[in-house]
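The structures considered in this document are given below.
Look for chain A in each of the two complexes below; its partner is chain B in the first and chain C in the second.
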Partner chain A sequence: MSKINDSIEKKVERHERRTAFALTIPSISHYTIFFIIPLIALFIYSFCHNVPGGGIETTISLENYKLFLGDLVYLGILLRSIKLGLVVAILAIFVGYPFAYFMSISSERTKSLCYILVLMPLFTSVVVRTYGWMIILGRTGILNSFLIKLGLIDMPLKLMYNFTGVAIALLEVLLPYMILSIHSVLENIDQTLELAAQNLGASKLKSFFLITVPLSIPGIATGFIIVFSLTVAAFVTPTLIGGPGFRLISTLIYEKALATLNWPLGAAISFIFLIVMIIFITTINRLTTSERWGTIK
Partner chain B sequence: MLGSIKLKKITKKYKSVIAVNNLDLEVKKGELFCLLGPSGCGKTTTLRMIAGFVYPTIGEIYIGNKNITTLPPYKRDIGMVFQDYALFPHMTVLENVAFGLKMRKVSKEKIKEKVDKYLRIVGLENLKNRLPRHLSGGQQQRVALVRALIIEPNILLCDEPLSNLDALLRKQMRLEIRRIQKEFGITTVFVTHDQEEALTIADRIGVMKDGTMMQCGSDEEIYNFPKNRFVADFIGISNFFTGEILTESNGNSFMIVDKIKIKLGVIAKENIPKNKEAEIIVRPEKIGITKNLNSPQSGEDNLFSGKVININRLGSIIECKVKIEDCQDVIIHYQEKNQTRSFEENESVFIMWKPEDCRFIS
Partner chain C sequence: MNNFIKNRKNKNNISKNRNKFLSVLLSRDFLIGIYIVLLSIFLLAPIIIVVISSFSGESYFVFPPRSFSLRWYINFFNSTEFMGAFKISLILGFTVVILTLFVGTLASVALVRFNFPGKKIVHSFFLWPLMLPSIILAISLLIFYSRIRILGSFSGLVCAHMLLTTPFVLRAIMGCLYTISWSIDEAAQNLGANRLQSFFYVILPQIKFGLITATIFAFIISFDEVVVSLFTVGALTKTLPVYIFNYLEYTTDPTIAAIATIFITIIATILIFIPKKYLATIGTR
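Coming up: the complex of A and B.
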């Protein structure tokens, strides 16, 4: 008797599994055609030989990888990109968290207003926003003119074509992602918890740092990963504000693959970069995942 | 004196809404006081003002002789149990319970000792290292209670702590809370909307409606001598009679309701209001019901004939609605073993009650 029931159960399960799988076919096919297959192609190219002038010889070797990993300048660029990612992401936490917290404790009306303020920049082209920063950061730009007029500095600060300028601009451009990420987690934290902590003797500040902050770590981590990834992959802003002398991994890949048409080298650099990023993100994810904060691996 | 609570002329206004209206309240040291009332009556707002999460618009709050009206919550030495327990989800049971002691900079050894002791009182010593999300509702409730008690506060405040539990667990837990409260002798203010809960565990009850205290007293006082219609209706079930008062020359008083005359007893006589029209209640368990008049009846009792409208079993009690001849319906509660047989719809019956069981309400 039970054997017959088993096979009926199994048939139903199989059918349900197939239906569920069928629902994923559209996105999996899109993903495969436009992402996985090109990625595989790129992976193959990275082992190929570049013919100067724009050709590819399919002689498989590790020459491209060796070229990149053996060159200290290139490694320096990789390091600089990572450093930029870390600086911008960490600054985004300290600038974005207070605003996100303010949003979570305000009235509905103020909250809606803040949402608009945070989302509006995302609807503006990043090119336009970056040009805006060029106007502010230049030697004769708004910021320097303002500071000189106030008598706070004598000589204009060098805020363009260097790390500082790029970091400032990227921070502003990517801040909304951090704010939204933290805010969405804060909204799900029961406000009674801070009250309970205060009732037990914690001051308002203590209850914030002992209760709210730890519970918002998943939001901070997500925001960090998003801002970090978008920073190191950024192209427009570093190109315009950093200029040709300030090279990052993203601009390097562009330079190699599209300017000098050295696809194999471009591909190799991309994959080295991809692996570094995967290691980074997986590590951060592992460090901030815990049953305590409601996230489970 | 320390451990008593006094609220003087407390009013809380939110823009145009008056949540609490000119409330005067005294809670004695060591007693369990229940704030009882429907949603929106102001009981939770009052509790939050005692806790310090909300500041009163007008009025003062004293604990013992100390005026604490403007003290922030973390300086008030009050333990609070919240409706949804508010356990810190990122901390274990041990860390939750130890939190208050940590804030008071108690030594690690002392903390360990105390936590073990208190967890044993509620039977949770084996769950020290669990996270709140892996505890049942009843277990979470006990952790919340112990977390508040371990700091040995002067006052314990409970904001409907049992509302999220199922009926059986509620009954068990409220007795547990009462037992612990008595053992520690801690002054407690317990907010609830469940009148059975209040009647079971409270030393005194304060019934609130629309921000006002309608009556304050022991469970006996509130049940047997409700001061107004709201309290009579909210606590238990009442049969209301409205009518003219007639006082005969021999001193007997009656109330005329429709075509019947209700005899009013000694206790009721003392409270006879000045105006001729009044309202009385009779509790359903005070009314007897019988099919025949063979058993001896006291000539003093109110006796009326009527017809059974419906009859229902409410657990161990039978509820019967009877239409009194030439008058209104009444609800009667009795336990089956007191009657020789049950009654059927449309059956003609006699109902009776003692004159003293009539209560005036203003």
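Coming up: the complex of A and C.
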């Protein structure tokens, strides 16, 4: 009996495997052709020699990597990108956390209103929102004319084409990600824990900072990683708000790829960028693993 | 915060009236209210400004607008370039949706229904394009497409967009597939339905919800996509966001605001139709 059962089980297993293979083959082949092979091509290109005026010479040399790492201007651009990422991600935590907390303690109706408030910007094209910020932050823009009318400033502030403007616009563009990832963790924290702490004599503030905040660190970490990596990789907002004078790693890749047509160098910059990102993200992950902060089971 | 509370206690003794005013001003609800209002303004400001300026009568932006007109909308509908880009974006969106839904549904059924070696790896493999900075994806596709000579073609754009929509479609459909009971599928087959029949008559109606969500998300993502499109479009296949982006690099005039408002209206209309709980799960990726 058991022998027959075994053979049937094996047959079923083989059949399942075959069906699953047939069902996933379209998407896997699509991914292989349009995702894996292009990445391999990019990797190969990063070792090639660029022939000005078109074409490449297939060699294996590290010249593109050396060119980037030996140039202080390029390294400065990389540093600026990372600094922007850190500034925006840290600001997003402080601006977004209270809202996420408010969302998690409010009633269902308020909550769904909050969802719409957060998701409406998320689903509006980045180009459109950046255009809005261009109108607001410009030299004769709304913010400047408003502040002048109030008498707070005499001369218009310089908010476009610099770090401040790009950071403000990116903060707005990416804040929804931070709010949603903190909120999804806060939603799952047992609210009675805070009440228990208050029962045992902690003040409201103390129970919030000693119970809720540490427990929500995984959400903060996820939000931080998402906002950081999206800021560093952001392209549309820095190009339009920052202008040609404000260069970041992403605009540099764009310039190499489409303006100066130096694809090997662009490829090498992409890989250096990728490695830096991976280092940053794994470090953040290490620092915020739940063992370090303790979990309540 | 602690100082706040101490201050409030001190002022208690000084004057009752002043205390009342201050306690309203410093009360938790009031502060939270101000914070929520400021945050809402911050989040929605660019969108609202764009919508308002699309109706302004002047060619440069003044706030509040001195006169209203619809001439920027007329400008948009009369411009063949803009309308062409708009059409391409719409056709591209629909093509991407149909293809991704087909490919994505097959893969999600395989991932939920069957056990096979390497299932976890395949699942995470499908999420990879989201983890890669889109600018790197874009430059790799640029190099690859120019090598195989399909740079700027419509099919190239479709395949590139599908990389970005597949993860979301998988997520929406798999979420639905996990909740249905597969014994109904087996029962249908026991009663004489073949696999296809049972899929179309038994499984599909149960995941209708997931399919609708997936459609909407795939369309929005394709319709909004800029970076990957920017690197892979040709002169004849410029999508609307790419056209707007190129336009904004040199000039800003309210025609863009008119287009953007149409854009926002389309997305907002779509958003109203999605149930909120699905938005939450997908928004966080």
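Just so it is clear, the second predicted complex is superposed on the first by the 259 of 297 C-alpha atoms of A that agree within 3 Å, B and C clash if a C-alpha of one lies under 4 Å from a C-alpha of the other, contacts with A are read in each partner's own complex, and residues count from 1 in each chain.
By definition in this document, a residue touches a chain if its C-beta (ideal position, glycine included) is under 8 Å from a C-beta of that chain, and two chains touch if they have at least 3 such contacts.
A quick note: this is a predicted structure, and the numbers were derived from the prediction, not measured.
Superposition of the two structures on chain A leaves chain B and chain C fitting side by side, clash-free. When the two complexes are overlaid on their common chain A, residue A:P238 makes contact with neither chain B nor chain C. Between the Cα centres of chain B and chain C, as seen from that of chain A, there is an angle of 80°, stated in steps of 10. Shared-chain residue A:M120: touches chain C; no touch with chain B. When both complexes are overlaid on chain A, the residue A:T19 reaches chain C alone and has no touch with chain B.
When the two complexes are overlaid on their common chain A, residue A:A202 makes contact with chain B while staying clear of chain C. In the superposed model, A:I211 lies in contact with chain B only, and not with chain C.
Within the superposed three-chain model, A:G85 lies out of touch with both chain B and chain C [touch as defined at top]. When the two structures are aligned on the shared chain, A:L193 is found in touch with chain B, with no touch to chain C. Contact comparison for chain A: of chain B and chain C, C touches the greater number of residues. When the two structures are aligned on their common chain, the gap between the nearest CA atoms of chain B and chain C comes to 15 Å. For chain A in complex with chain B, the residues that touch the partner chain are 190, 192-193, 195-204, 206, 211, 214-215, 291-294. Contact residues of chain B toward chain A in the complex are 51-53, 72-74, 76, 78-80, 82, 84, 86, 88-91, 99-100, 103-104, 131, 133, 147-148, 151.
Chain A meets chain C in the complex at residues 13, 16-17, 19-21, 23-24, 26-28, 30-31, 33-35, 37-39, 41-42, 45, 95, 98-99, 102, 112, 115-136, 140-142, 145-146, 169, 172, 175-177, 180-181, 184, 205, 222, 226, 229, 232-233, 235-236, 239-240, 250, 253-254, 257-258, 263, 266-267, 270, 273-274, 277.
Across the complex, chain A is touched by residues 1-2, 32, 35-36, 39-40, 42-50, 53, 60-61, 63, 102-104, 106-107, 109-111, 113-117, 119, 122, 125-126, 128-129, 132-144, 147, 159-160, 162-163, 166, 220, 223-224, 226-227, 230-231, 241, 244-245, 248-249, 252, 256-257, 260, 263-264, 267-268, 271, 276, 279-280, 283-285 of chain C.
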